[in-house]
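What follows is one structure encoded as structure tokens, with my remarks underneath.
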Amino acid sequence: MRERRVPDLELVAQTEKEEEEEDLFDYFYDKPGSLPGTLIIEEDAAPSKIVLIDYNESNATRIHVVNPEDCTLYLDTESVSWVDVSGLGSEDILQRLGKVFDLHPLVLEDVVNVPQRPKIENYDDQLVIIAQMVMPKEKGDGFWIEQVSFVLGKHYLLTVQEEPQRDCFGPVRDRIRTNKGSVRKSGTDYLAYALLDALIDGFFPVLEDYGERIEELEDEVLRNPTRQTLEKIYQLRRELLALRRSIWPQRNAINSLIRGDSDLISPNVQIYLRDCYDHTVQVMDMVETYRELASGLMDVYLSSVGNKMNEIMKFLTVISTIFIPLTFIAGVYGMNFEYMPELKVRWGYFACWGIMVAIAVALCYFFWRRGWFNNFSTIDND
Amino acid sequence: MRERRVPDLELVAQTEKEEEEEDLFDYFYDKPGSLPGTLIIEEDAAPSKIVLIDYNESNATRIHVVNPEDCTLYLDTESVSWVDVSGLGSEDILQRLGKVFDLHPLVLEDVVNVPQRPKIENYDDQLVIIAQMVMPKEKGDGFWIEQVSFVLGKHYLLTVQEEPQRDCFGPVRDRIRTNKGSVRKSGTDYLAYALLDALIDGFFPVLEDYGERIEELEDEVLRNPTRQTLEKIYQLRRELLALRRSIWPQRNAINSLIRGDSDLISPNVQIYLRDCYDHTVQVMDMVETYRELASGLMDVYLSSVGNKMNEIMKFLTVISTIFIPLTFIAGVYGMNFEYMPELKVRWGYFACWGIMVAIAVALCYFFWRRGWFNNFSTIDND
Amino acid sequence: MRERRVPDLELVAQTEKEEEEEDLFDYFYDKPGSLPGTLIIEEDAAPSKIVLIDYNESNATRIHVVNPEDCTLYLDTESVSWVDVSGLGSEDILQRLGKVFDLHPLVLEDVVNVPQRPKIENYDDQLVIIAQMVMPKEKGDGFWIEQVSFVLGKHYLLTVQEEPQRDCFGPVRDRIRTNKGSVRKSGTDYLAYALLDALIDGFFPVLEDYGERIEELEDEVLRNPTRQTLEKIYQLRRELLALRRSIWPQRNAINSLIRGDSDLISPNVQIYLRDCYDHTVQVMDMVETYRELASGLMDVYLSSVGNKMNEIMKFLTVISTIFIPLTFIAGVYGMNFEYMPELKVRWGYFACWGIMVAIAVALCYFFWRRGWFNNFSTIDND
Amino acid sequence: MRERRVPDLELVAQTEKEEEEEDLFDYFYDKPGSLPGTLIIEEDAAPSKIVLIDYNESNATRIHVVNPEDCTLYLDTESVSWVDVSGLGSEDILQRLGKVFDLHPLVLEDVVNVPQRPKIENYDDQLVIIAQMVMPKEKGDGFWIEQVSFVLGKHYLLTVQEEPQRDCFGPVRDRIRTNKGSVRKSGTDYLAYALLDALIDGFFPVLEDYGERIEELEDEVLRNPTRQTLEKIYQLRRELLALRRSIWPQRNAINSLIRGDSDLISPNVQIYLRDCYDHTVQVMDMVETYRELASGLMDVYLSSVGNKMNEIMKFLTVISTIFIPLTFIAGVYGMNFEYMPELKVRWGYFACWGIMVAIAVALCYFFWRRGWFNNFSTIDND
Amino acid sequence: MRERRVPDLELVAQTEKEEEEEDLFDYFYDKPGSLPGTLIIEEDAAPSKIVLIDYNESNATRIHVVNPEDCTLYLDTESVSWVDVSGLGSEDILQRLGKVFDLHPLVLEDVVNVPQRPKIENYDDQLVIIAQMVMPKEKGDGFWIEQVSFVLGKHYLLTVQEEPQRDCFGPVRDRIRTNKGSVRKSGTDYLAYALLDALIDGFFPVLEDYGERIEELEDEVLRNPTRQTLEKIYQLRRELLALRRSIWPQRNAINSLIRGDSDLISPNVQIYLRDCYDHTVQVMDMVETYRELASGLMDVYLSSVGNKMNEIMKFLTVISTIFIPLTFIAGVYGMNFEYMPELKVRWGYFACWGIMVAIAVALCYFFWRRGWFNNFSTIDND
């Protein structure tokens, strides 16, 4: 599991945030050489809760299940049984679930030892989908990423989520309850589609946020690039990389679904999955576009740094160039030669000032003509 | 829909422009978990207008249709019926159209909830093409991009455009009306080809504009690069990226058309579509070429910034190097030692001036020989 | 057509050159929505001339044809008839040619409305090849690029070139006339091969020129990089990009030829085409290599700019560092304190000079030891 | 063999380390033209030790074998015989092993002349797998990389490791001894899987270490980039490149295993190998991600260098700009004109000071307003 | 032929070297339009020598052949006849050889007109392999590259090399003479393998040299980057590019050999060729790795240039910052105001010195604290 839940203190929040960032890129791994199929339960994982929704066209029941074995009754009936598990903290319950659903030990391992790379696996009469959902944090602050696993059987669908708090299946539950759309009239495959679709659609708001951040950064980098801008661009690229890593294998997984590798998916639902696949392609497309824009921003930032240096150098050069000749003149008339005719002249001092002013004005005009004064406003705060 | 229609005020126009830019990269997305097939109507969308053109070799009629159901009469006759809908503002009309043409809910959704990624979908007796047209704005100002959807049946073609004002089908309408070319002698597939071709050909003028902008930028970046140049290059890359995103999936879509995936396309029209495919390849080719040129321009800009700094530094160095020794000499003879023989010499002061002038001239000659004076003109305005 | 023919004035030449450069990357396009198969004749296009060479093993005739219809006699005889058209200025002749050879309107369009992307198209009893030839301009000045179209039938070969002046088929004509090699003993397919091969071989001299330009630039960029170097590198990359765009589709076209897509090509000639394909691959290979070298040159240029700045800064630093302490000392003894014992000492002034010289020498030695004086020669002219 | 074993001296350790680094990228190669199948024994290679573990569901024996021929007894029995050889120093033993297992001379060469590129080879009744294990050195110090070869027969598995000290098979040996999991119930293919899996899982701790190093570098490069940072980033990229080179061919090898190229692998074990393949993909994925992050870090470092220069230039500019005008004023009143009214005024000197202080304060305020004082802390130590 | 043979003069050697460099990237090409199959003999090509080695398991004869026709006797006997031609200077001999071996004119052209791109060609009863060998020059000085052509028949193998002096087949000749290994027991295909393998193995010493050069450059670029470093990196990338261009098509050629395209290769030799293919993959792998390292070095160099500038700027800034205030103070007390109380004070001068020393010490401390003095040693010689 990737996030602690009660960040009481600023400091804790800070430490946590860093941990999360790291986690964007790590997959779960066993101790090398450990037994395949070992479940690793994180200490701070939420206890597992099981909700069973059993429905057909006419009825829909929702039951909080305590003993996984209680599900058995529902699994082979004609009605659709959706067993939704959230929280990966209870090894005992998860192991028993594995037995109830007759999961291969490796499947149970993939479902529990998160995060895994999204993928699809065909077993004899089960289709296992490992997917990932994203959920925006507060604006401009990135996203949570969580594994959601699907085990699709003939009359049941088992879904396993990491965290009870973060859930994107609410609207589908509502559609089942209120019998809206065709979900109640269709089988488990349609349900799986509906949930997958909800999960993929969840990427769009996150991406929209990135679109806005990029626009803000474009403005910042062209008008007033600072050291913080650099940090923001780097952070952006980092998070887009994480998004890409998440969506890319999901695209491949859904693609292999619509190529009809499994007969648990009816042709009718394949059409819907094609739509869902289009959405993953669009997500990929947007992620790649944003990545290109972000890397273009880096180029622009780099040359902005150079431009800024030019402005600073110009400033120094203007100041130096104006005063150096004047100081030289002052130096000349500070010399102690006995015979220096200018010094005796009554208006010598004023003539000297006159010459100095004339030189300064001429140089200023020279610089003004070349436009060196135009952009000093751009070297402001950093 | 991506553009408001009555930009009364400069300020509004500004705000709008920014919104549009953002929109270059966003696809439409549903609220996560929403019912598949939901139509989202934008507030400022134009009301939908339906024009039906029914023709065969001898006759051609053009009718403004108010009730979508009125089309039904024409759809199954042998003559070609082209139903052209523009404006996505009337949900009711669009829903009824969907029924008249027996569209799958997902198709109707793709047609109405714009923009979608260009693609081709085969349904039993319909071929759905989601395409995008581009239309140049004023010179140097980018382009409008709009979705155009085609639903091709045996005896009818349904096209849906976003905006009544922006339309690239005029010349085809004329060819039907005046019975020019073979359009009146051919079926719906030829009509679809003719419209697609008009749409693809619309990319060329936009690209030509970019060719010119790149040429101007080449000149600017080599002769007088400024901060605005940077902004222009970035903007150029951004817009080319948008063009690429639009044309790439269309190329794939048309390619799958000419591979003969659908039997609604006759072999004769396939030859024409091959020509149309060649055009998309040419567009892709030009977009990629311009992208490479634009990214080469960025490199050149970067090194121009460095060159400019070199010029500024040279200027400062020349000024400093000439005056620093002179000021030193002036300082020496400003010292107050009691016994400084040079000070007593009558022509000492003038000798001092002579030495200083000699040093200055020698240094100038030194710099001139090394060519440091050549390029000061290049550090002009920024 | 891409080049005007009588550049009377320097200025005109200049304007023209720019137009040509632009043209390196533009394909021909119809007015959007125009009728497929429309021929567009450029005003300054050369009038079309037709030369027919009819030969078999024993005889070879060469005829200047005025009326395209005169070719008809020759087309179906067993002997090989090579109809070579140069100049695209006479719409009437071209249209009549189209009828004589029974060309599909789209083929005629591709042949006349140049430039098109190189490609191969199979028609029932014709093989259409759109190719491009290049021809070096004066040394170091790039190349002309022109479309050459082939229409290969059972007993005839139609070739269409843009410009009568630029022609690379001379050696093949000579071989036919003098009956050298196996061309007179072979069919139209061998003739097509021989012409294609001549056309592809024409890329090598152009590339050799680029090889030399790159070598010169390597020298320039490592020893004495100037602003012009940057321009030259950019120009080089631009032209190599154009070459790549031209050769890449030709490679694909010839590849599809040797995969035996058409039965107009005999197995014997396929072996020769394989050789021709090898040449296109070699051309591609050289173009890609030169592109990599050119992009490496850009990197080197960028860091040379930085190195140059280092040299300038070192120069300034050396000068400043030597004189600043001396000026300070002079300043100290220019102070007007009443009690400054050094000032009264008789040899004070000379001691002061001694100290200043000692400081200067010490600093010079310091800089000399660190090697700062070594590379000043490298910051010469820019 | 790539590492010496007894680094007595600091200096030796240093030399060695460099040698090892070099070795990350070199493959073994024969003297050109040497006889295929020649074994090259490194002088400092450890003497070869053979351990045979023979087990079935009920029994497990572990024998230290001195004469390779003693293995023969076990190879054809139904029980699984795992012959584990470590150390490549004894040519005689290795040659005899080759005979006992009937290895093709090229196989023996690949096994002994390390390192080879990971691969899989199918022989008639043997499957040869050349793999590589990694083992972390002390924290932040990279990793050891070693070849592990597998020869899988019907009833035996031969594994050959380079170094007895570095071994990742311990946990699997324990599972055999304690009869944990299904290893004792399964055949040689499962054993091969279990060992391969242990080996692949060994990449994760190494990668985790890199994840931490990247995080530290991110911090360093954004807050306080030094010359050492650059060296660290380069070193990081180097080592990630080595990891990639190691894991990439292993991924391909395992992929060809699960595509069922050999019938020595039972379908049941294929499922497990699929899991193992997923792990290699995850490793690849992490390596590629870290490589992208590392290359992003390089960009950030480059612009940090530029930012730092800006800060230094600002510092110099502030100091110069404040003092240059003041020094000029002092110079003016150091002039020796006879008639300079200000000099006679009693409070002239103080007024002069007042003006100078005012100028200094005004300039400071000017710079402070523009934020030039903010970031001086960032140009600290380098 | 690419190199002259008797470099008498330094200057000539220089010119030559440049020519060779150029030659790394050029392929041979005919005069455009020339007859296919024309042989081009370079003036300075070595005269062709023919050595025939005829062997079977019991006997081996080696004959210097003068007339190519003398080979005919041996070609159809059961024993293996290896005809090794070195030197491409004698057109007559080469033409007659072509007839003796019944070579297609295009094959003879590829063999004689070097360099060609490595490739494999299947003719009816011949297999033609165009390969390239490399041979290290003196250490750190690159490599010679030469074409070696193989024509494999049922009972003979014809090899053609460019230069008699550069030969990598010696060890194979020895194996034939001394009957070591299985070469005498095998057919022409094994001989071809043995020669190809010797040729590919010849790449490794060249690559090892590059490995060392990269290591040296890493050191140089991180510790003391100079202008020469830049040149060396560029040269390195250039030569690696040439190596890649040579090995890449050879890999493809050998790959098509092991895919069993020809039945002149027996299954047993295929196993050996697989090993040879592995070596080409390892060579490719090393070349690509070195290319990545070299391009990483370029990045490091670029930022080193920036770092160096920072050091120079710091030096200037430290010197300026320390002396500018002091000079200002000296200037103040050089003013000629009548009433300046400090000037009258007896210890004023010394107090003034005290203040100046205090300021200097404070500034030095300030800079020392910030670490500005640390890295001045790094801006040494350039």
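Letters are used for the chains, namely A, B, C, D and E, taken in the order the chains are written, and counting of residues starts over at 1 for each.
Heads up, the rule we're going with is that contacts are C-beta pairs under 8 Å (C-beta built on N, C-alpha and C of every residue); 3 or more make two chains touch, one makes a residue touch a chain.
Going by UniProt, the chains are A, B, C, D, E = Magnesium transport protein CorA.
Since the model is a prediction, treat every value here as computed from it, not as a measurement.
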Chains in simultaneous contact with subunit B and subunit E: C
Smallest number of contact steps required from subunit A to reach subunit E: 2
Shared interface partners, meaning chains that touch subunit B and subunit D: A
Same or different contact residues where subunit E meets its copy subunit D, judged by the half mark: different
Centre-to-centre distance between subunit D and subunit A (centres being mean Cα positions), rounded to whole Å: 27
Distance between chain centroids, defined by C-alpha means - subunit C, subunit D (Å): 43
Multi-chain contact residues (two or more partners), subunit E: 302, 306, 309, 313, 316, 320, 324, 327, 331, 334-336, 340
Chain ring listed from subunit A, with subunit B in second place: A, B, C, E, D
For the subunit B and subunit C complex, residues of the former touching the latter: 168-172, 175, 180-181, 194, 197-199, 201-202, 204-205, 208, 211-212, 215, 218, 222, 271-272, 274-275, 278-279, 281-282, 285-286, 289-290, 292-293, 296, 299-300, 302-304, 306-307, 309-311, 313-314, 316-317, 320-321, 324-325, 327-328, 331-332, 334-340, 370-372, 374-375, 378
Sites on subunit E touched by subunit C in the complex: 18, 21-22, 25-27, 29-37, 104, 106, 109-110, 116-117, 119, 121, 227, 230-231, 234, 237-238, 241, 245, 298, 301-302, 305-306, 308-309, 312-313, 315-316, 319-320, 323-324, 326-327, 330-331, 333-336, 340, 342-344, 346-349, 352, 379-382
